[in-house]
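In the two complexes below, chain A is the common chain; its partner is chain B in one and chain C in the other.
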Partner chain A sequence: MQRAWVSVKPRGRGGFAMGLPEARKLGIPLMNLVRFKGLPILQQLHLEERLLRTSSDNWCIINDGTDQPTIVMGISGKPAELLEIKSVLCDHIPVIRRFTGGGTVIVDPSTIFVTFICNKDAVPGLQPYPRPIMSWSEQIYNKVFQGIGDFHLRENDYVFGNHKFGGNAQSITKNRWIHHTSFLWDYEVRSMAYLKLPERAPEYRLHCVKEAKQVSWRRNLCDLSSNIKHASWVDFTRYSNQYKARDHLEFICRMKDFMPRSIFVDRSVEATKTHFLLRSTESENIEAHSGTKFCHSTRLLTKQELEAAAFAAPSEGALSQPCSL
Partner chain B sequence: MALRMWASSTANALRISSASFKSPLSPAFSLSRCFSTVLDGFKYASSHEWVKHEGPVATIGITHHAQDHLGEVVFVELPEAGGSVKQGGSFGAVESVKATSDINSPISGEIVEVNTKLSESPGLINSSPYEGGWMIKVKPSSPSELESLMGPKEYIKFCEEEDAAH
Partner chain C sequence: MVGSVHLSVSVPGFSCLGAQSSISTVLLRSDCVLYVRFGVVSFNCPHSLKIFCFSSHALADLPLGGIVDVPLAQTGEGIAECELLKWFVQEGDQIEEFQPICEVQSDKATIEITSRYKGRVAQILYVPGDIVKVGETLLQIVVEEAQVPTLTAVVSDNPSPTDDGFEKAVSLGSDPRKNSIGGVLSTPAVRHLAKQHGVDINDVLGTGKDGRILKEDVLKYAVQKEIVKDPSTSLTAGVEKQFLEGEEDQPSVSSVVGHDYEYEDKTVPLRGFQRAMVKSMSMAAKVPHFHYVDEINCDALMELKASFQDNNSDPDVKHTFLPLLIKSLSMALSKYPSMNSCFNESSLEVVLKGSHNIGIAMATPYGLVVPNIKNVQSLSILEITKELSRLQKMALGNKLDPVDIFGGTITLSNIGAIGGKFGSPLLNLPEVSIIAIGRIQKVPQFGDDGNLYPASIMTVNIGADHRVLDGATVARFCNEWKQFVEKPELLMLHMK
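So, the complex of A and B:
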């Protein structure tokens, strides 16, 4: 089983109780831990994409908030389908299309980001496919949220009960994978208004809007089978509930209602230590761990692209109308 | 005919590409392969792509094993014709659920055709990984690279060992 050995000696203060030779003997994979506060999400995503593609080390990145409200779509996200573009343009909200799959989120200074970038053999027995990686992440956060709330991984979202507080996305290459999460520590109600509901909602986000429509009819058993001689009746009932996706404000919750911010970050680090030997790495040392030539696919959408998407979507209405004050 | 219909319906029930006789790939089909997830006449890479070499062109896609592990494919990113691929190098990606997964080329060469149907119907990769779900056609630059790939039996064993190890 291949392990990810650190290729550059750690710099600066600190170290860890177990040295590299000891870790090598025990076969515990090393993971570089990098912590940021308020790093712009575009920079974070560029860093992650570069480390995934050019580094051979394992990484845990924690970013305590980003600098400004920003919309982040998955690789296949279509603005016209996912965003209220007119409002987004009026309020000058940046829109990013990231390199990983998954849905659309709006992040801000209250969001907490936790990312794992691993070699495919870093976690023993873990197949580098979406569902196993997702399940592994649930194991990590089960430890984080033990005894707190009703934590679950439900249809690829982290929830307390049936309210989402964490959104996940992944990218898997030939030899490595990334799993990153944006945790909804808090949110502005008006921010959710920038997002449309996705065309396909996870089942847990649905709610019944129309009670069972009971249609009953009776059939004579004799009609049903020539073997039945007695004239008895049987009632058939068909239920047809109708479901509708819950609005954003109905299916999300604030993580701050469940756990202090610092406790969450500390517990996440401790939970990660159950799988990896963590080495704190200063952000300025990251350059030494990856190649310098790299072209990101994650990018900021231009105003022209958003306007073009809005014009192509008849439901958006005229962009020429003034923004509301 | 009855045997073909039975094999076809069984293959459909098992969600296996049944190697329709109308397929442009026209792979050799044998009843013994009915319950496997590979096709005879194809070569396979350890990263779970397949290649079918016919004359000057080789067709490439991902295997049944790969699509099964990835889940429902909702988006496919493919290169344009005229570009080149390198053996083992990534040439595109599929998105399934929350993940993008690289697709790697089993051989090197020039891309001569891209399956444009996948932009509107990415699910073809799940429903028909060896036929309608083909991804690119390549003019091989080093046909000897095919020798380094696995045959059907070797690939089945590879998949079984990989699944057993996890």
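So, the complex of A and C:
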């Protein structure tokens, strides 16, 4: 596990570190801030799930990039529906099924992760349901992106205008909730080719994609026909997947075009401080927080599972060519 | 579900038993729909019916048989269905109040559903992977087992051990179809179909997962027993469709077109804004309102509006009364901030809001919606006019952003735009005041010289939360606002 960022702990009256009772007396909920750089996403998700289920503190986790490109599906994600499994297997991209709901993302060292884990009464007046939590998070990021771009929460995505740069997912338990976001700082076009376009798309996206699809379909056909005259079947698959990636690109954008990385992280911390008293915590201290045995549901899908999914899916099954050429 | 449950009744024809916050039984009129916070229970039965409610308090009137239907409660606005992810309990388990019983997924969120009852799980009606509509029964719980002597619970063999209960598998025993409490695995829709055909569902062989009984199994059984001739009749499609739309009554056959078709009842499921209105009005009805009524002379307002229009060079801008009323309202709020506040019932605190985010009630083809203009205190009348126009356009196209609806601090309802002298508005919680303005009408009034003059009079009705605001505050606020409307030149005194 990567070392967490270390900062000076805030001091209360009398010079002792302010704990939860003291923060409560001031009427401000306390939140532990943990910062990582390059923490593998599987470890991050394991940590988050454990803190959600076994801790009684509030937490903010910021991970400045993960270690390698990884596909992360929601809790009920089905690989056959969401992924171009053949390409994923050929290129050995890890696939994780996380414990929160929501869609599929491909994350990499350029992605920035921000997570809030809170007790249900941490934010006064906030009802512990998906929509209110989503709207509350928008308040935080409104402050982060004030004056920069046309930031909105569109349904469940963070967008500039109509282009998504941040995806959200949540889990709400009896007494706590988690809201975590992956921010598309930058992305590789070819990475998007591993993902299928989801069947259920947000309303705001449908209007943009509908017209773009018609244009790109015609363009794809022309490009394909000029490129695949003497290519093998696998080459055809790769080419067609690259062009399919263009569909994803129609509705996403890079956050780096709007804000420097460090500024975003700093502003996010500052915005969080408007709701919470932040206390920086070292990662080693997190282990000490919880002695409860815990079995997390976030896991890496095995190669066998992915192969079985590919076999079961009719379109994938037809492209049964060996990976190595 | 987390949080407390409040049963609010706002439809005539109800009588409630018990205290307001611990209602256990409600008698319903036959054609009424009861919306319960965090849950939807809909009925369409021919007789008055005692329904099952979930309450954190001991029940004085337990339902007959002690079996309680636990529906999938509302988990958020606009969420009509969820995917069932996993069960934390199984049939036969003893469960405590507020114990997590299952996890569902709606869109982006996984949500733990907790039990409102202490009792024993009698029957689980869905398996992981099923899509459950809000309001459908998830499981049945036996609350008072002693009242049901013939009830035998299903006890599974060796449930798989877990660390903290999250990984409990649903194990239904060796032969769930032979369960004495009718614990066969099937959805309510399939049970209803069986009942319709006079089929005992316990006799049907299930071919679905874990012995689950499917629609086809019931039809096949019915054909075999010569109950029906053709299993592919459109009757079944009509039954399922009607059931999914919330009717539990004997369905009319939708495929049979009668000569009186135009007089048949039509079921309209409430969705989106209409559904949200059910919830918000039910909660608002719990709040003790008082209404303050006054008349405002709008002669000066009409002159000012005419002047704006005459000097308007922008064809995209249309000047109306509302922006002037909104700005003067904001001026008055600066002097009476308690009118622009939110009441936190649990902590007994009033939050005096810094921003004047004035909500404007709008009637759209999709229902009543209240978007708000943010920070009116910092906007000019022209800026308010443009923002109002934008919100109206978005509302009519059902394209309002959640940001536009969230965060309002006071609401203005221009019911007069449609008609009427005034109305008695219900609060838009958690706000503490709402103002309904009627149509401006030309009426005769006595001048200072004792002569009659025509005057444009608008009646206003201010609804206020009497837990927080008293009559004097509201009256003084109204006087302040009235002064700005009747003498808009006074607004210039505050111009910066």
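By definition in this document, the second predicted complex is superposed on the first by the 253 of 325 C-alpha atoms of A that agree within 3 Å, B and C clash if a C-alpha of one lies under 4 Å from a C-alpha of the other, contacts with A are read in each partner's own complex, and residues count from 1 in each chain.
Just so it is clear, contacts are C-beta pairs under 8 Å (C-beta built on N, C-alpha and C of every residue); 3 or more make two chains touch, one makes a residue touch a chain.
Given the structure is predicted, the values throughout are model-derived calculations rather than measurements.
J.: Please tell me, clash or fit, for chain B and chain C sharing chain A in the overlay.
T.: clash
J.: For A:G101 in the superposed arrangement: first (chain B), second (chain C), both or neither?
T.: In the superposed model, A:G101 contacts both chain B and chain C.
J.: Look at the residues of chain A and decide whether chain B or chain C touches more of them.
T.: So, of the two partners, C touches more residues of chain A.
J.: In the superposed arrangement, which partner chain does A:I75 touch: chain B (first), chain C (second), both, or neither?
T.: Touch status of A:I75: both partners.
J.: Looking at the overlay, does A:L126 come into contact with chain B only (first), chain C only (second), both, or neither?
T.: Only chain B; A:L126 stays clear of chain C.
J.: Just checking: does A:S171 make contact with chain B only, chain C only, both, or neither of them? Give me first, second, both or neither.
T.: A:S171: touches chain B and chain C.
J.: Which holds for A:N156: it touches chain B only (first), chain C only (second), both, or neither?
T.: Once the two structures are laid over each other on A, A:N156 reaches both partners.
J.: Jot down the residues of chain A that show up as touching in both complexes, chain B in one and chain C in the other.
T.: Looking at chain A, the two contact sets intersect at 74-76, 99-103, 125, 127, 129-134, 156, 168-174.
J.: In the complex, go through chain A and note every residue touching chain C.
T.: 53-54, 74-76, 99-103, 120, 124-125, 127-135, 138, 152-154, 156, 168-175, 292-295, 297
J.: For the complex, give me every residue of chain C touching chain A.
T.: Spelled out, the residues of chain C in touch with chain A are 2-3, 75-79, 83, 85, 98, 100, 105-112, 114, 129, 162-164, 166-167, 342, 344, 347, 401-403, 406, 430.
J.: Sort out for me which residues of chain A touch chain B in the complex.
T.: Within the complex, chain A touches chain B at residues 74-76, 99-103, 125-127, 129-134, 156, 168-174.
J.: Which of the residues in chain B come into contact with chain A in the complex?
T.: Within the complex, chain B contacts chain A at residues 47, 69-71, 74-75, 77, 88, 90, 93, 95-102, 104, 162-163, 165-166.
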